[in-house]
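You will see chain A twice below: alongside chain B first, and alongside chain C after that.
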Partner chain A sequence: MTVHDVRSRHGDSKRGDASDGAIFAEAVGGRLSRVDGPAKITGAAKYAVEQQIDGLSHAVLVESTIAAGKVRSIDTAAAESAPGVLLVLTPDNALRLNTATDWLGTPPPDIPYCPLAGDITFSGQHVAAVVAESFEQAVAAAALVKVAYDETTAIVDLDDPKAGDGIPIDTMTKEWGDAQAAFAAAPVRICAAYNTPREYQAPMEPHGLIAKWQGDRLTVWEPSQWLDGMARTYAEWFGVPFENVRLVSPFIGGGFGSKAFAYGYGAVAAMAAKMLGRPVKLVVTRPQTFTAYGGRAATRQTVALGANAEGRIQSIVHRGVNETSVDGMWVEPLGSVTSIMYATPNFSSRQNVVRVNTVVPGALRAPGENPSAFGIESAIDELAYEVGIDPLEIRLRNYAEQDPEAKKPWSTRQLREAFAAGAEAFGWSKRAPEPRSMRDGNQLIGWGVAAGTYPVRRAYGEAMVRILADGSVEVESSSIDMGQGTYTILAQTAAEVVGVPAEDVVVKLGDSRYARAGVTGGSRLAGVMTGAVHKAATAALDQLVGLAISDPNSPFHALQANTLVVANGRIASPRGDGPEVSIAELLGSVGRSQIEAMGDTMPANSTADDRYKNYTTIATALSHTEGDYSRHSWCAHFVEVRVDEDFGTVRVSRVVSGLDSGRLYNPKLAESQWKGGIIMGIGQALLEEGIVDRRHGRIVNNNLADYLIATNADIPDIEVISVGIPDPQSSALGGKGVGELGIVGVAPAIANAVFHATGKRVRDLPITLEKLI
Partner chain B sequence: MTSKTRIPIQLQINGHRHELKVEPRVTLLDALRDHLGLTGTKKGCDQGQCGACTVHIDGQRVLACLTLAAQAEGRAITSIEGLADGDGTLHAVQAAFLEQDAFQCGYCTPGQIMSAVACIREGHAGSDDEIREYMAGNLCRCGAYPHIVAAVRQAALEIASSMETAS
Partner chain C sequence: MRDFYYLRANSIDAARQAAALPGAMLLAGGTTLIDLAKCGVTEPETVVDITYLKGLDGITVDDRGATIGALARMSSVADHAEVKSRFPAVSDALWQAASAQLRNMATIGGNLMQRTRCPYFRDPANFPACNKRTPGSGCSAIGGVTRGHAVLGTSEACIATYPGDLATALVAFDAVVHLGDRQVAVDDFFLLPGATPEREHAIAPGEMITAINIPASAAAKRSTYLKVRDRQSYEFAAASAAVGIEFEADGRTIRDLRVALGGVATRPWRARAVEEALKGKLLEADIVKQASLLAIEGAVAHGANHYKIELAPRVVARAILKMGETA
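On to the complex of A and B.
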C-alpha cells in the first residue's frame, strides 16, 4: 500500500561496494557497518557483568577435584573466618530450589534442585561457593575451603574399557532400502572410522552474572543467547512468576551455543543474593569455563560407502557414538549430514550415546552437522581416490537433486553453484590428482574440497516498533546480538519498511522486558526477527499513513489520497502534488507523541500459553522439512594446505568458499560470520582438543594457552562467495541460516587437503604433527 | 574490609589522575573495571593468555591482568576509553576496525585495538604476515582475523601518510 524509497537523500558515501549492485547500505541487503560498532570500538559497550551495581558482593566457586564419588565433608571454618567473607555455600546450607523445565518444554520432576553437588559425577563440578566483600577476598577464601571425598572409579572417556557400547537412541535411526545388502554387493567399498575430540566454545567473554533481588523480583545481568528461556529457568528454580524475573544482556561476548541456558553457577549466584539480601556477582574463571557447562561431545563414527565403478553411491551405512554425562543426556546428531548430502538408494544410520564422567555436553557451532560432515565428507573423498576420479567430480556425480531422506524437493540448493564458484576462484582445475604431487621446496602442497550444510530452523517471533515524535524509529526485542549483527539488520529492516534513514532507527535488544524472543541458536534469529520486525514496522507505517490521510489536522487531509510515500523520514503524495512534511511534523500536527505496533508471526489463534511456550522452549519450532520442501543452507570449501615434509606441521595457506545462505540481509556482516565459522573450523581441524588426564578423568588443558584456538598467525586470507538466491520458503525476507554454516565441512576439507599433500589419511581430529610423521 | 589492608595509590589514566585505595593484590585490570568503572578493558582469561585486557603503560602494550595496579603507579596508562580524541574523533585504528568489520561480538576488540596501535607504533605492521605475527597475542574467537589484518594495514598506511604530511 505504501511506496518507500531510501535512496534519494543519501549520497554515494552510503553506497555499498560494487558487488551490491544497486542496493544502498541502509536497505536490507546493503553493506551497512555495524550500528553497535562505535560502542564496541570505544569501550562504551557495557556487557552484562560490567554493570556498576551498588552494594555488590563477589562469589567464587569451589569445584570437585575428583571425577566420581561422594563429598565426605567440607571444612568451611577457615574460609568463613577469612577477611571479608559473607557466606560460604555448601549443599548443607543451600536453599532448596525446584527443578526447572528443560529447553524442550519437558515438565520437570518434582524433586529439589541443588547446584552444589554431594554426589560427584565429573571433575570440576561445583561443590561450594564463597561470597565476600571483594573479588580478591572471595578468591583467597575459596582456596581455604577443604573438601574431603570418597572417590570411586570414573569412566574417563569413550576409550575407557568400562565405557561400553552405550544406549541406542532410536529417534536417530534413519533407514531406507537395504543398506547392508547393497553395501555387501557393491563393486567398490570403503569403510573407515572418524573421530572428533571434546571441543569447547571458548567465547572470549567468560560466563557469569550479577543477580539482584528486590523482594520476590529477580534481576539477572547475564550474557545470554536466550533471555526468555533463561528467565523461565530462574523463575522456576526460585518458585516466582516468570514476569518477576528480568534478564539483561545488552552485549554478549561470544556464545557459539554456550550461552543459551541458565547453568548451576547462575543458581548459586542468585541463591547467594537471596540469602544475603544484596547483589552478587559471579564470573566463572577461564579454567572453569571448561566444566561449568559442556562443550562439544567427543564423537566416533564409522562410515561405509558402497559404490559402482563410476563412483555412484549404492549404499551408505553409518554408525555414530557420542559421549554424554552420567546423569544428563546430550545427543549430537551424527547422521544429520550423512543422510542428505548425497543421493543413495540404500541408507542406514544409527547412533548410541555413551555415559562417561563429564559435564553434560552442549551445543557448539553446528552441533551434529559439524562432526557429521567430518565423517561423510572425508569418506566420499576416500571413495574418490578409490575409484580414481576427482574429489569435486564425485560430489557432483552423487548430487542429491532432492532431499534423499525426506523425499521432498529442496526449497533452494545452490550447492552446485557453490562448487562452481569456489572451484573457479580457487583454480581447482589446475590440481594435480596424485597425492604428494604438488610441492614448494620442503613443503608438500595439498588441495582439498568438502561440502557443508545446515538446516533452516524456523520459529515464530515478535517485535515492537515505535515511530517517535521526533520522527525516529525504535525497535524493541528481547533477542540479542552476540556479534551476528542483529542490531544492524533490524535497523536496516525497520528503516526500509518505514522509510527512514537507518541512523534514525534505534534498536533495543537484550532485555527480557522487551517483546519476547526465542532462542538465538541454530542460525534462526535473523530470519525470525527480520520477519517479525518487518511485520511490526509495516503495521506502524500503515498507522502513520492512515493518520496522515484521515486525521483532520493532517496537512494531507484535504488531498483525498489513498496512499502516501514515506522516504527518508518525509511523507509526500506519490504523485508529487500536495505537501511534503517530515514524520515529526506530521505527528506534531495531529498531536500524537508516538505510533506503536507490535508485530508477531505466531498463528492468529495462538493463546497466551502458546506464546509462553514458543518463547521459553523450542517445542513450537518448525521442522525444516515441514510442508512441501526441505530447507537448508549449503556451502563448499576449497582449501590449500602446506605440510612441512620433515616436521609434519600443517599450515592452511588458502581458503575459498562458496556459500548459499539464501538472501543476505547484510553481506558485510554475513561474510564476517562465514569467515568466523571457517576460522573456527581451521582451529578444529588442526588445534582444538580437550585432553583428558586419564588417571583423574580431568581436562588438563582447561585454559587458552593449552586449549589451542586459532590465532591471527594461523589464518590466511579467506575468500567467501555468496551464491544464494532468495528462499521464500525459509524466511519472510528470503534468507537462510548464516552463523553455523561456515564451519561445516571445513575440517574434512582440510583433512582431504592433507591427504592430497601427504598421502596420509588422518581420521581423528585434530590433525597434529605426530599423526603425519 | 579493614583499611589497613588497603593501600592508597594514584593512577594516571587517559590523562586523568585517579586516587583509590585498594588491596595490594588488586590487578590493574580489576582496578580499571571494578574500582574505576572503566570496563572497556576486558577480562577474557585473567591469566595472560588472551590479550583482551591489553592497555598501554608509558606507550607500551601491557596485559592489565598480569600487572598489579600498584605497579602502574606514576606511569601513564592508556585504555580504550582514552584512545579517541577529546572531541570524539576516532583513532585511525578504531575507524579502520569499524570500516573493515574487524570484530563481531566486540569483546576482544578493545585489546585488539590497543595492540594494533602499539603494533603500528613498534613498526611491526610492514606486511600482512608481520601484522599476523605481532597481533597473534590477541585471541578472537569470532574469527575476525583477516579483517583485523586489513584494518591494521589500512590504519598503518593512514598513520604513515599523516605523519608524512605533518613533517
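On to the complex of A and C.
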C-alpha cells in the first residue's frame, strides 16, 4: 500500500517542536503526524480482507466442542447439499500439506500437516470447514456439519489437579550465588505467589485472509506482522518456492503479537482456494479470536525476597510456571525482569511449563517481561512495607548499576531519571506512607509505583530507496505499519537523509514483493528499519551527488566539486557558489528516470541463504547482551487509584510515567505507543481474564461484551515523560524499543496502589471488585 | 444464522398479525435480535420490521406521567429534558446502559425484551443444555461459570440474570407496559423462571409492546440509578439499584421510598421489604444500611456470584443515602 496523503497535510504540522534537535517535523526526531492517519480516518485505507476480488467464495470454520478426545465421525451430507455450498473440508479430503519451518528456523519434521484436527486437544479446535458462494450460506451450512466425538478427560488449566508440576525448562534457569541459603539467612523475608490469567490480544480487526492461486502462485491478503515469515510458511505448506507466495498486508487493525504467524485457518483457506480453483475468503469470528491462535498464557510465580533491615536485597528466589498446549510449546519467560531489575548477590530462577488442553499460547505485548514484572514489582513493594521504607526509595536502594545477570554494563539505563521525573510530576513526595490513609468520601485513594523494562531486540534490515524523476523519493519495504508509525518514521528518515521534505517521500509497505523484512515484533522494527532506510537512502544520495558531479550533462559538471548538498529537494554546492537546481531538474538534464539503491544492514559476507534466514526466521536476531553491553528500555509508572470502599471497584485516576526508549524517532508517535501500552496495562490489571468453564475446558467469555478491555471511561489523563538519551549500542539512529515497554509494570503499579489504598494485597490479576469487598 | 423472510410492517395490526405467524419475530433496533441470531440462539423464520411504523417513537411527559413509545430510541429517552427532570432514575439507567452506538439504535420496546447474558444460553453449539432455550434440556450454568448469575428469584431450572437497566428503574416506579389493547404492570410483565424459564414475559404471540407509561410521583422525581461494575462504562451491572424517595415536610422522614435491584435477580427486582422498613423512618446511615440488607432476603449463591449478596445491599444503601444528601 502506498500512502500519498502526506501531501495533504496542512502546512502547520510541518513544523516540529525541535525536540531532539529536529528542526522540522519531517526530520528524524520531529513530531510529524501519522501520514496514514487521513486514510484511516476517512475510511480510504483498505484492509487486507476488504480487497474486492472477483469470484470470491467464503469459508467458515467448524470447531470442536470438546476439549480432549477424538473425532469419531463427521457427517457432512446435510452441509454438502445445503444451498451454495462448494466444498466441505475435513481431514479426509484435505490436501496433504508439509509441516513448515518454525519461527526459530528449526527444520520441520518430515510429516504431513493438516490444519483440521482428528485428535482434539482443546475446545474450539478447527475440525472442518465449509466453503460456499456466500458467507451466509457458509455459516448456515457449517451449522449442519455433525461431528461425533469420543471424549476423554481434559486438563483444563494450571489449577487442575491433573496438571502436575510440568516440564522444567532448563534454558530458563538462572542462578548465581547461593540463593536458597542467603534467603534462609536474611533478616527480612517475604515470599508470595503471583498469578496472571489467560489474556487475549483482542485486536479490533479480527484475523482472516483472502487466498488466491494462479497456477502454482499464491497471493494472500492477510493482516500480518511478518510478511516474509508468513510467506515462507505458506510456501513450505504447499511445497512451492518462496518467491511464488505474495503476502499483502497494507494496514493492520491491531496485532499485539498475534498477527506474526500463518495459522491453521490460513492453511484451510489457501487449501480450499487451491482445491476449488477460486479465491477464498476466511475471517475468524470474534469468539474464534480466542481459540484460532493463542493469547497470553496463564502464569504462576512465587517470588521470595531476602533482605537486610535496610531493605537491601540479599537473595531472590523465583519460580515460575506457564501453561502451554498439549502438543505445542510456548515458554513465557517469567524470570526475565526478575533477574535484571535489582542488584542481588544471590539469585535463582527456574521455570516449568505445564501442558493443558488449550490452544498453544502466543505473544501478547511484552511476552515474558509483562507477567515477570507483575511478580517482582509486586514483591519489592511488599518488601518496602515489610521494612517500612518508601516503595520508591527501596527501588533506588537496590538499583542495579550493571546487568546483574549478564554482568555487563548497561548500554544506557535512564531508570533513575525515569523515577525522578515521574515522582516529581506525580508529586510522590506528598504520599502518606500508611495504607488506607488517603480518602475522598467513599473512595480510598492509593498511590503506587512500579518499574518496567523491555530488551532491545535487534536484527538486520533491508530497504529500497528510489529517487524519482519528479524529485520525489520512494521507500519500499515488506515491513508493516499496524498503527505504530512505520509509514511516518521511514518517510522522516528518508527525507532527512536525501534532503527532501517528508511530503515528497512515498513509503510503500505491506507487500512481500518489496525489500524483505523480519518480524514486526519485540519492539524492534523501528530500530531495524530506520537503520536500513538510512543506509539505502545514503546510497541513493551518494549516487545522486555522484551523478551531479560527474555526468557531463550536469550543471555541476564544470564546478569540479568534491561534494554537493541536497536540502529541501534542491542541489547546490556547499558554499553556494554554483548553480542550484531541483532534483527533478538534475535528473532531467542527465537523462535519468530514477536512481535506485537497495540497502541492507547485514554483515558484508552474508550469503543469500543468510539473508533468507534473517527475514523469514528469528534465528539471526542479535541478543540484547551480545558484545560488551546489555541493552534495554526502561520505565517507571506512578499510579493513583480510587477504590470504592463499599463496592470494591477500582478506578485509575492518574498515571505519570517516565520512560527511556533512547532516542525517539518521532516523539508524538512514541508517546502514543507508550500510552497505548499503559492503557492496555490498565485493562490487564483490572479487567482482562479469559474465564474457563472447568467442566468443559472452554473459555466462556469469548466476546468483547464479556472479555472486558478498558474503555475510554476507564482511562484517566496519562502523562508520559521521555527520559531517554541516544543509545548507539542499540540501533543505528540511537533508539531503543517503544511499543512493548509501556505496558510492563503497569499492572504491579496498580496492584501496589490498590494495596496502599485498601491495605489489601491482590496477587491474582485482574483486580476485580469481589477481591476487595 | 439461517435465511429468513423479511417483512416490513406498515401498521400495528399488520405487525401483530405477522408476529403471530410461527417462527416470526419483531425487529426493532436489532441489537439483541441480530446478536442472538448470530449466536444461533434465535432462528427466526420471518423477521417483522416494525421500525417503519409511524407514531410509536413519541415521548410525552406531563403531570400524570411519561408515555414513551415502543420505538423511541434509548438515547432519545435518556436525553429527554422532561424525563431527566421528572424521572432521573430512568434517564440515568439508560445513560449507563450499553454503549452510545447501541443506545442510538436500540428501542425501548426491544430493551424490555432483551435476553439474558448467561454465556451458556448464548452458545448453543457448545452447550446444548439450557432450559431457557430448550425446555427440559437442563442448565449448563449451574456448576459452571456463574460470576454474573442471579442470586434472587432463581429456580432449579434457571439462574440467569435479567440484565437490563431500564426495567429496573421502571419496576421501581410502577410503570405499565402497553400491549395495544391491554396493559400489564412492569412488575407483572417479567416472569420468574420457576419451572418454565423459557417464558420470560407476560406477552403472547401476536402481541406487541406499543408504549410504556410511568406514573409521575414525588419519589420518581427524586430518584437515581446507581450501577456498579468493574468497567466504568459499557458493562452490565454487577449490581444496581433504582431508588426514589419522598420526604415528609421535615425533609428527613421518609414518606415514600422505591427500591429496585438490577444485575442480581432473574427479573427486575422490587425490594419492597426495604421500602416498608424505611417508610416513616429518619434517613440515617445505620438505619438505611440495616434496612438495605432486606434487599437480599432469600438470596442464594451459586459459586462465584456470592459477592452479589454482599454487594447488592451496599448499592441500595448508597443510592438511598445519596438521595438523602440532596435533601
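Things to note:
Just so it is clear, the second predicted complex is superposed on the first by the 753 of 773 C-alpha atoms of A that agree within 3 Å, B and C clash if a C-alpha of one lies under 4 Å from a C-alpha of the other, contacts with A are read in each partner's own complex, and residues count from 1 in each chain.
We take it that a contact is a pair of C-beta atoms (placed from the backbone, for glycine too) under 8 Å apart; a residue touches a chain by one contact, two chains touch by 3 or more.
The structure presented is a predicted model; accordingly, all values stated were derived computationally and were not measured.
Legend: residue contacts after superposition of the two complexes on their common chain; A:L686 is shown touching chain C, with no touch to chain B.
Once the two complexes are overlaid on the shared chain, A:A710 sits against chain B and chain C alike. Of the two partner chains placed by the overlay, only chain C lies in contact with A:T65; chain B stays clear of it.
Of the two partner chains placed by the overlay, only chain C lies in contact with A:R695; chain B stays clear of it. In the superposition on chain A, A:L769 contacts chain C only, with no contact to chain B. In the superposition on chain A, contact of A:E136 is made with both chain B and chain C. Chain A has more of its residues touched by B than by the other of chain B and chain C. When the shared chain is aligned, chain B comes close enough to touch A:E50, but chain C does not. Under the contact criterion defined above, the residues of chain A that touch both chain B in one complex and chain C in the other are 136, 705, 710-714. Interface residues of chain C, counted against chain A in their complex, comprise 1-3, 40, 117, 119-120, 123, 125-127, 143-145, 147, 228-235, 238, 304, 307, 310-311, 314-315, 317-318. Per the touch definition, chain B reaches chain A in the complex via residues 1-2, 5, 23, 25-26, 30, 33-34, 37-47, 49-50, 52, 79-81, 83-84, 90, 94, 97-99, 101, 103-110, 113, 128, 131-133, 135-149. Note for the complex: chain A touches chain B at residues 33-34, 36-47, 50, 52, 83-84, 133-137, 201-206, 251-254, 256, 283, 285-286, 482-485, 668-669, 671-673, 675-680, 703-705, 709-718. The residues of chain A lying in touch with chain C in their complex are 65, 123, 136, 139-140, 143, 442, 644, 646-649, 651, 686-687, 691-696, 698, 700-701, 705-706, 708, 710-714, 766, 768-770, 773.
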